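Listed next: structures, encoded as structure tokens.
One chain, chain A, links the two complexes that follow: it is found with chain B in the first and with chain C in the second.
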Partner chain A sequence: MPTDALRSLATGLDPGRYWQRGAEALQRTPTGAFIVRYGHYVALPLFAVAGGLGPSYFGIRMTFAILVLVMYALLRSRSGLFGLALLAAMLVYLPRQMDVFERGIMFDIALYALLGIGLNVVVGYAGLLDLGYVAFFASGAYLYALISAPEAGGGFAIGTSFWIVLPMAMVLAALMGILLGLPVLRLRGDYLAIVTLGFGEIIRIMINNEDGLTNGPIGVFSIPKPHFGGTELSGPFELYFVVLAGCFLAAFASERIRDSRVGRAWEAIREDEDVASAMGVNTTAYKLMAFAIGAAMGGAGGVVYSAKQSAVFPSDFNLDVSVNVLALVIIGGMGNVRGVILGAMLLIGLPEVLRDFSIDFAFIHLDNLGADYRLVIFGAALVAVMVLRPEGLLPSRRRAAELERGLDLEPTTVT
Partner chain B sequence: MQEWIQLLIDGVTIGGVYAVIALGYTLVYGVLRMINFAHGELFMMGAFTGYYTLTGFENHSNLNDSVPVFTIAVAILMGMVVAVVLALLMERVAYRPLRNAPRLAPLISAIGVSILLRNIMLRVTNAEGKVYPQVFPRTGVDIGEIRLLYVQILLLALSGLFLALLYLFIQRTKAGMAIRAVAEDRNTASLMGINVDRTIMTTFAAGAALAGAAGVVYGMFVTTATSGMGFIPGIKAFTAAVLGGIGSVPGAMAGGYFLGISEALSTKFFGAQYKDVVAFVLLVAVLIFRPWGLFGKREDRRA
Partner chain C sequence: MAILSVRHVSRAFEGLIALNDVSMEVEPETIVGVIGPNGAGKTTLFNLLTGFYKPTSGEIWFENKRVDGLPLHRVAAAGISRTFQNIRLFSNMTAVENVLVGGHLHLSTNIATAILRLPGTLAQEKRALQAAVDTLGFVGLARRENELARNLAYGEQRRLEIARALAVRPRLLLLDEPTAGMNPGESIDMMRLIRQLRDDLKMTIVLIEHQMRVVMTVCEYITVLDHGEKISEGQPAEVQRDQRVIEAYLGTGALLGERPE
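And now, the complex of A and B:
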């Protein structure tokens, strides 16, 4: 009962509904529909340029939470252009006003958004529950580290450029995705989750133990920064734009694939694998393709991470990464790239914003509430979001429709 | 030869812990088709309860020295009570509202509960491991070159006892029969007059009691309790449950011992650092060749 009441309250207060009406009116004209559909791909780079002009510092952290809420409304509105333009403006403009610490957070948000977009292909589109996503992230990070760092353990320090390693890492991660995909093709649901989890752990343990190749727990140091047109992209701020560009490309690519024949095949597999197979969908090929594409995006994220950190350790690639990425995809709303971006902002950004938060009210004095209790709050928030909105904050339209129709899609009495 | 026997004994010891935790996973999975990711944290909470109880006895009485059997029994009981209360709470707050939600929702909710409990304990303990008071002498019996600690004997005996009790509970009591019926078919069970909600709560409680008790005994065995200690045994126990055929009670027991022994023996071949890899490779191999588990019943379609 209280849950229902809260839910209806949330719906009533939802500004997204009002935005939606305007957006629908715009979409009725062909030109409007085109702008809504593709406008944000143009808007993003435009704002990247415009972001260069801005006033000095203002209270970023205080406004961050409010802005996330505003964005939530905008993203929900499906109004495309306006919402995403504002999002792009924020993503590009705000970091210019931030200090190093805050820029690091923005980098993390963008990186996790990229990972989320990749995992969304596997989990959201193809419906394959993957808890070992960190393996691909790790492979990208270590490939760049081992190839480019002067004193890498494997002795292949050949000093190749970031921009050459990036596609290599994507190919390597895609191959690993296929390697993971092959044995688990027959598995479904929770079994798949636990095997992929095991795969992620195996990769981490191997990196930890194969000292000769990876330096083991000592890690790889002095990984060089990438160069772009003669300038070194040295800090999180510069690399943030690299990741942002990566997010943009990944979002564009994954939405285009979703709307293609491949995307429809994934959807069919997600809904009912047996029926899809009976209808002539090559389930093997399409499932492997989902693993490979998702993995490639994770590998790319790993390369940038490695470049930003300058040093990588096996302990950076534990299960928490996979869990965080999966959580942000599901909290944001499976199958929806915008939801993933929102999820990244909330799950990666908010705990950091909470760091400075303290309560001093009546007899309650909790200093550093955020720093000490942010993960407690994070855990509670995961539960709360799932109980109130199990479909995620911004579900894809189709997924939302499925949920309203009921859940007879899943066999409930299989024992 | 003696080295092998030693490894075997170590394997059976840790395997007993896996088996006891695995039962909680398999029972909950049986009735709800959901991985209770927070189950390992119940184990951790049990270990902390055991620590606080035994430390309380240590500081305020001399009972730990005079009647260790009593204090240990109280500690185990307290561990069970705390774990059961927490499990019922998480079922009510985090899982029951999601019973008809998409299947990933309860999984994420469970991950949330797991993160919540782990970080609460991290705050409570200030990120320090808590060292158990020494209730048991850290000695044991030597048979030839094989060394068997007393606490290890206790662990072996108690895990065997808990497994037997749970087996009897599931097979011989009305509540156990209700659990089996709900696992078989929830709708039909409810038509037959079984209170499904209550049965699910019983299931959580039974699994949690085992995890809490296992936490206390394991805590005494390794002598420390840390906020992260539930994670790896939790994952391993789930692996054990899958190995044995998830949803099957004898399967989870056998899977636990099987995993513990395989891990211990594998250290001889690959070194201790590859122990966890062995567990997962075993899991993948079993899932590919016998997806219904080593001891489970073959079914044509598994969700």
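And now, the complex of A and C:
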């Protein structure tokens, strides 16, 4: 089942049916039911407090803790505009209090949120498991690098403005999305995942080998920063706002598309492709549309990444990117843009926050616990999320319903 | 003039001949039954009519257009819609969303208009929603609009399938065992609904059915299939007396009256 495959990818383990059985058994006990139902309310503040004990990086830690809590509490209760406005204000205000390192992390969170929103269109809405998403990210990054950097190897460095390359990159990525979509139209589930994975690798290897065009493994340097109204957006702090704006636009667009005829067609395809087609949905066109829209968002992310880094290398675009983006979509809650944003905060932010995680209580002094074992703790946290909330932290209503059916032992149809 | 014309259609699956040289004509605004023992090729015929399969040979014409070999969504656009024997709803979508997907062809929203959400788009969406609610009311699912399809009772799911098929606004509706698994009371309601579809919506209906009582009361014309071949057709009374039909169902000498297995 693709869902299991997704979950195992997200955790790096294969939870399989034993995990599920374990979770079910846990839920049957009163304590277990309580933990499953309310555990996340307890776990998140604990993380926040524990994170606050360390000596350094005060800004990112507290910001992160507050952001996650506000995001989680407000958006989970669907409190609407007020919550969103508060969140937006904090996303704008808090990074001002941070140092360069912390701002870099905020940039990464926002960038991955943008990528996640894009991938969510493909995986969450249309149900097409895409493991080659990094290809679109890479195409955007390299397009901007090759066109704008004076030292680019391709010989067509024309010094075009960031703001012109941005839509160009989105169009290019969308075309690549269609290019990827065409041969995989007939594939479903696991087979689709394998072919898209190959596609992502092909693009990376191509960038690596086409020295004449891309400078190969040496990479492209001196990529210029974008300008906005005469000011150079030079650091991660300024570019963070560019990505943040991109996130909000992408979130806005994808939620509106989801609530339209197009989104319904995607859902129908995910539920039963043949029947959707029999109801008049041109499944070919709609699948390609999902690939194209998701890819365009990835391409836009690539352009900003390229501008922020000032240099791009083929090794920036390996499978890890695709897997991380997919994992944050799953952890956050597939099909729900807000869940995806929360997923990006956790998946990208948590490993950084954990750097300072330490325990100094009574006779226990583990000063470097986070520094030494942060990825272990991080992995355990991801596994815990998937066991306790397999549908993700903020799932779409439908996604939650699907997983509920998975645990349902009653037959759903009578024949 | 027949609205649907099936001409010498055959379909083989790697040597297994599921349908062999079947021809039938369906007049507009009639209710036609397709009957036959299990494995006779009834559902194969439906799958050919709606584009799920392509005929190995032969032609299918609908309203003077050739529809065999067309992709599924083009067949739907031509005006043919269907329900499924094993209910195939979009089970994690609500009842009204299922019907809205059925109305897909009659909306024009694309990505750009979806994002901009212009007043025209909103108005169209609102009309579609009202139409979907009305359709649900018509099949007897009023006030069940926001229920997830899989949470509906079995009979309700069958009705929802019909509502979704109706939202395509077909001229030809194909019902694959609409009363399967229903108790007698539910079957009578379903028969009433099928008649209504024809009388009120001027629809042509072809249905596959196993319950002879339903077939004999609701259908005006019957085609009988056995082992992939058409063995008889005509008015219900004629078919009931046809020696070949009786043999196909129950062996020689038996009477046709109860539900065969």
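Here are a few things to note about the model shown:
Operating definition for what follows: the second predicted complex is superposed on the first by the 323 of 415 C-alpha atoms of A that agree within 3 Å, B and C clash if a C-alpha of one lies under 4 Å from a C-alpha of the other, contacts with A are read in each partner's own complex, and residues count from 1 in each chain.
Rule of thumb we're sticking to: contacts are C-beta pairs under 8 Å (C-beta built on N, C-alpha and C of every residue); 3 or more make two chains touch, one makes a residue touch a chain.
Everything quoted here is computed from the prediction, not taken from an experiment.
With the two structures aligned on chain A, chain B fits next to chain C without clashing.
Once chain A of one complex is fitted onto chain A of the other, the partner contacts of A:F199 are limited to chain B, with no touch recorded for chain C. Using the contact criterion defined above for the overlaid structures, shared-chain residue A:E391 touches chain B, although it does not reach chain C. Once the two complexes are overlaid on the shared chain, A:S161 sits clear of chain B and of chain C alike. By the touch criterion defined above, A:V281 lies against chain C but remains apart from chain B after alignment on the C-alpha atoms of chain A.
Contact with neither chain B nor chain C is seen for A:S315 once the two complexes are overlaid on the shared chain. Applying the stated contact rule after C-alpha superposition, one finds that A:A268 touches chain C and leaves chain B untouched. Which of chain B and chain C touches more residues of chain A is settled by the count: it is B. In the superposition on chain A, A:L382 contacts chain B only, with no contact to chain C. Contact with neither chain B nor chain C is seen for A:S222 once the two complexes are overlaid on the shared chain. For the pair chain B and chain C, the least inter-chain C-alpha distance in the overlaid model is 11 Å.
The interface of chain A with chain B overlaps its interface with chain C at residues 412-415.
For chain A in complex with chain C, the touching residues are 252-253, 256-257, 259-265, 267-268, 271-272, 274-283, 289, 293, 398, 401-402, 405, 412-415.
Within the complex formed with chain B, the chain A residues making contact are 3, 123, 129, 183-184, 186-191, 193-195, 197-199, 201-202, 205-206, 208-209, 323, 326-327, 330-331, 334, 372-373, 375-376, 378-383, 386-387, 390-391, 403, 407, 410-415. Across the complex, chain A is touched by residues 50-52, 71-73, 75-77, 81-82, 84, 86-88, 90-93, 97, 100-102, 104-105, 107, 109-111, 113-115, 117, 121, 125, 148, 150, 154, 164, 167-168, 180-181 of chain C.
Interface residues of chain B facing chain A in the complex, by the touch rule stated above, are 29-30, 33-35, 93-94, 97-98, 100-109, 111-120, 122-123, 183-187, 235, 238-239, 242, 246-247, 273-274, 276-277, 279-281, 283-284, 287-288, 291, 299, 301-303.
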